[in-house]
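Reading through the structure tokens given below for one structure.
Naming follows writing order (A, B, C and D), and every chain is counted from residue 1.
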Amino acid sequence: MLKIHYDLPLHRDSASRFLPWITGLMVFLGVMSLAFALVLGNAASSWSQALGSSLTVQILPLAPGKPGQDERVRQALDLLRETPGVSAARALPKSESEKLVSPWLGSNASLSDLPLPTLVDVRADGTSLNVALLRQRLDAEIPGSVLDDHGNWLGEVSRAAVTVQTLAFGALALIALTAILAVIFAVRAGLQLNRSTVELLHIMGASDRYIARQFQRSAAGNASRGGLAGLVLAVLALFAAQRIVGPQSGLPIRLALPLTDCLWLLLVPLAATFFAALTARLTVLATLKRLP
Amino acid sequence: MIRFDSVGMRYGSGPEVLRDITFELAPGSFHFLTGPSGAGKSSLLRLLYLAHRPSRGLVTLFDKDISSLSRPELSLLRRRIGVVFQDFRLIDHLSTLDNVALPLRLAGAREDQIREHVSELLRWVGLGDHLEARPPTLSGGQQQRVAIARAVINRPSLLLADEPTGNVDDRIGTRLLHLFEELNRLGTTIVIATHNEALIERFNHPRLHLQGGHLDRLPPGAKPY
Amino acid sequence: MLKIHYDLPLHRDSASRFLPWITGLMVFLGVMSLAFALVLGNAASSWSQALGSSLTVQILPLAPGKPGQDERVRQALDLLRETPGVSAARALPKSESEKLVSPWLGSNASLSDLPLPTLVDVRADGTSLNVALLRQRLDAEIPGSVLDDHGNWLGEVSRAAVTVQTLAFGALALIALTAILAVIFAVRAGLQLNRSTVELLHIMGASDRYIARQFQRSAAGNASRGGLAGLVLAVLALFAAQRIVGPQSGLPIRLALPLTDCLWLLLVPLAATFFAALTARLTVLATLKRLP
Amino acid sequence: MIRFDSVGMRYGSGPEVLRDITFELAPGSFHFLTGPSGAGKSSLLRLLYLAHRPSRGLVTLFDKDISSLSRPELSLLRRRIGVVFQDFRLIDHLSTLDNVALPLRLAGAREDQIREHVSELLRWVGLGDHLEARPPTLSGGQQQRVAIARAVINRPSLLLADEPTGNVDDRIGTRLLHLFEELNRLGTTIVIATHNEALIERFNHPRLHLQGGHLDRLPPGAKPY
């Protein structure tokens, strides 16, 4: 626990009993929503990586006399590799094409006689690939090419993940803002009751900085105690959530957070303490400014 | 020590509570401040302990025009003034000892000296058994004595007391006034606002009388009406 | 605005200035998180509807002598229709099969000569279909059948949506709980300052119920004013969010809520007011119980 | 009217503040309650206005054993008692008028009568210009008079006043005691705790003297020491 030195034992007044509770609740909220946003963020980026990778371009065999198959495959590979958002493009060997077509025709058809299309596997990174534009260019430049984006799921799902992530971070920002406002109001309400003490210390000749420091320390102490409790509570709640929506439930979202993300969570109580202290300081100084 | 030059005072935009107050108090003097209820005694004291600015006129304290002083200078001045408030203004969640120790803590005194010094004074005013009590658990007269102890603990140059004997009997009242006289002998300038005519008669000091916003000086023993 | 009759003008004390702010913030939080959870819920269920619908069963042509194609299609349809989670199953006409296969072979192949598979379109509702079990049964009972669940995206995405929904509702429950706790603490802190007034009224001979009613009304008035402000703020914020993540952004999440869901949002300030009043009542009665 | 039978009282688990108090006051009587600061005057009054339970003994009020009464009955009893607290206990955010109107509102009086009645009484105690002022903007003596007005506004059967003249001068103090005597003539039983020997001498009433936790009855004019 944080041990703070007090010149005056101001931290024992009744207003102080309220601040740790509100701070604790708000830190709990802040940590929970931050963890939630980080989990969704991680899930969204792993989805879009997994999904955004699998487009296929088919180069169909054309009637004799038109540009040869190999020629057009090379053109397509060149075009794909210079398209922004494409991380890799690779023509599949003929055996893979045969394997892919076989179910459509039954295993009894003699495949080697048929003019099979060549398949090009395209790996895209995330959502930066503009599929519609790529399709246009392929249609225009390489006759007989067909872009298959697998029912468009990849783009849609990864965009959805990004939207969820955006919403989650938006909600987090609002919750964090609200939590900090609540702490600020709690500190201000507490100081309102201590207004007479502020005035008394002023009349007794304490300097503005001394008075502000007393109340600031008291607020920081109360907020940090509440914040710590809120953090502990939130961590426990996160573990509980992990048990419920854990990997054994087979869901694609993992609640485990990497260590760096956990460090972000530590910031929440620190921010609460900082804002509590800052609010106390500014409120006291504003009260004092009105005194002669 | 204290000089008022045609000083006026009002609260917010209300009527003038004090009008055209002019007087001078010598260092080491001892005055009673009297006047009917609502005449402005507490208001005049508020000007003296620098909790309120005059709306007009010139206030000189410790030979300094207070309107010309910076905030840090005003703070230093305030530490030389002891105040007994009419409504005590004790900090409810601090013990009697901590309440009285406040001026010493602000002056940066050493903790071991504080405890010894404070408990001695509290014993003297009859509160030796209540060092650790909180003000809300004290009787009215006990609270008043804590307020007085806090005002005198660091031997202020100027002592302002607002109705300091309203909640104690004559015996304790007399004892407290002896305490003030003792301080006065050591050089403290003293102004005591009071309604207690019996005390004023017993202790022969000049009197400042407020009525209708104006101040009259009366010699020791004289009656205002 | 709610107009409440006060016997005593208790609502004007300084503690009352704090309660509307905290309530406003907490109602804002509650409404935002509820709206967020409802939007995600709607999105998740529409995704799983859209996605869960598109399975395909291919009935491949077998070598002559084996059970006929039409026979096996009928068997497959029967099996599918009695599978729980399947809402419809329909065999596609031959022309559609040809259209589907043509890109694989180029338009120059004479398709009518080839033994084409028959496609059965399966509509599943949501996530209740057990795809693995269905695949097992099809393999066992209908030779030459292939279940195509389109790369398994449907199940995974809709399960992901459900997970997101679960997490969102869990977060909502925590936020709502925290918000109500914060309102309760604010009311209690406010009453702590009014303890002397409670005692005074008691000594003057006011009955417990009268005193409780005064403070309860005062708390309800303050909380409802704050709650209304919070609700208005939240609605404005939701409109702003709609502009940012609106339909024109092409994202699969629609922020618009059906009217019934909007009514849920109205419950948040009502709940805050209710809990504020209840807390005031119980706190005052508890204080009074300790007085003789 | 009031009977105490070997009553003791303590705060929490502290020592007994009052020990073995036995006395009886006739209806319509007028008593001063005296004793040194901290003797237990306010504590005794607390027993009388039913804010504290005796730790032992029997308290009879209005001919009823108060330990046998239900909560609603106690409420009704309390409404017949007017109290002037030593620390006033005005509600800071209510106007003077609303503060004084409190007992009438609790008794369910009509609003138009309340206003007329209250402002007349406030004029009588010299606060006609401060009907809408909040207590924190009143002088000490003005607050004390508001507290007294609130205690007498609905003609209680029993009036208990704790140091009601500590913050006013002798002229107003005399006026207030005349108000109490007027009420007494109309049938109210009155007990006034005070340190003001001058007032006690001027108004010739019997005295209850508390010292060392014990109570002595003294006839009018007698001195305790």
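What we mean here is this: a contact is a pair of C-beta atoms (placed from the backbone, for glycine too) under 8 Å apart; a residue touches a chain by one contact, two chains touch by 3 or more.
The model shown is predicted, which means the values in this text are computed figures rather than measured ones.
The chains in contact with subunit C as well as with subunit D do not exist; no chain meets both.
Using the mean of the Cα atoms as each chain's centre, the chain most removed from subunit B is C.
Distance between chain centres (mean CA atoms), subunit B to subunit C: 67 Å.
Centroid to centroid, with C-alpha atoms defining each point, subunit A and subunit B lie 62 Å apart. Subunit B and subunit D, compared by their mean Cα positions, are separated by 29 Å. Each of the following residues of subunit C touches two or more other chains: 14.
Counting partner chains per residue, subunit D has no residue touching two or more of them.
With chains as nodes and touching pairs as edges, the resulting graph is a single ring in which every chain has exactly two contacts. Pairs of chains meeting the touch criterion: A-B, A-C, B-D, C-D. Residues 49-53, 71-72, 74-81, 83, 89, 91-94, 98, 102-103, 105-106 of subunit B are the ones touching subunit A in the complex.
Residues 7-9, 12-14, 196-197, 199-208, 210, 291-292 of subunit A are the ones touching subunit B in the complex. Listing the residues of subunit C that touch subunit A in their complex gives 14-15, 17-18, 21-22, 25-26, 28-29, 32-33, 36, 39-40, 43, 47, 51, 54, 58, 60-63, 100-101, 103-106, 108-109, 114-117, 144, 146, 150-151, 153, 156-157, 159-160, 163-164, 166-167, 170-171, 174-175, 178, 181-182, 185-186, 188-189, 192-193, 237, 241, 245, 250-253. Subunit D meets subunit B in the complex at residues 11, 34, 36-38, 41-42, 86-87, 126, 137-142, 145, 162-163, 166-173, 195, 197-198.
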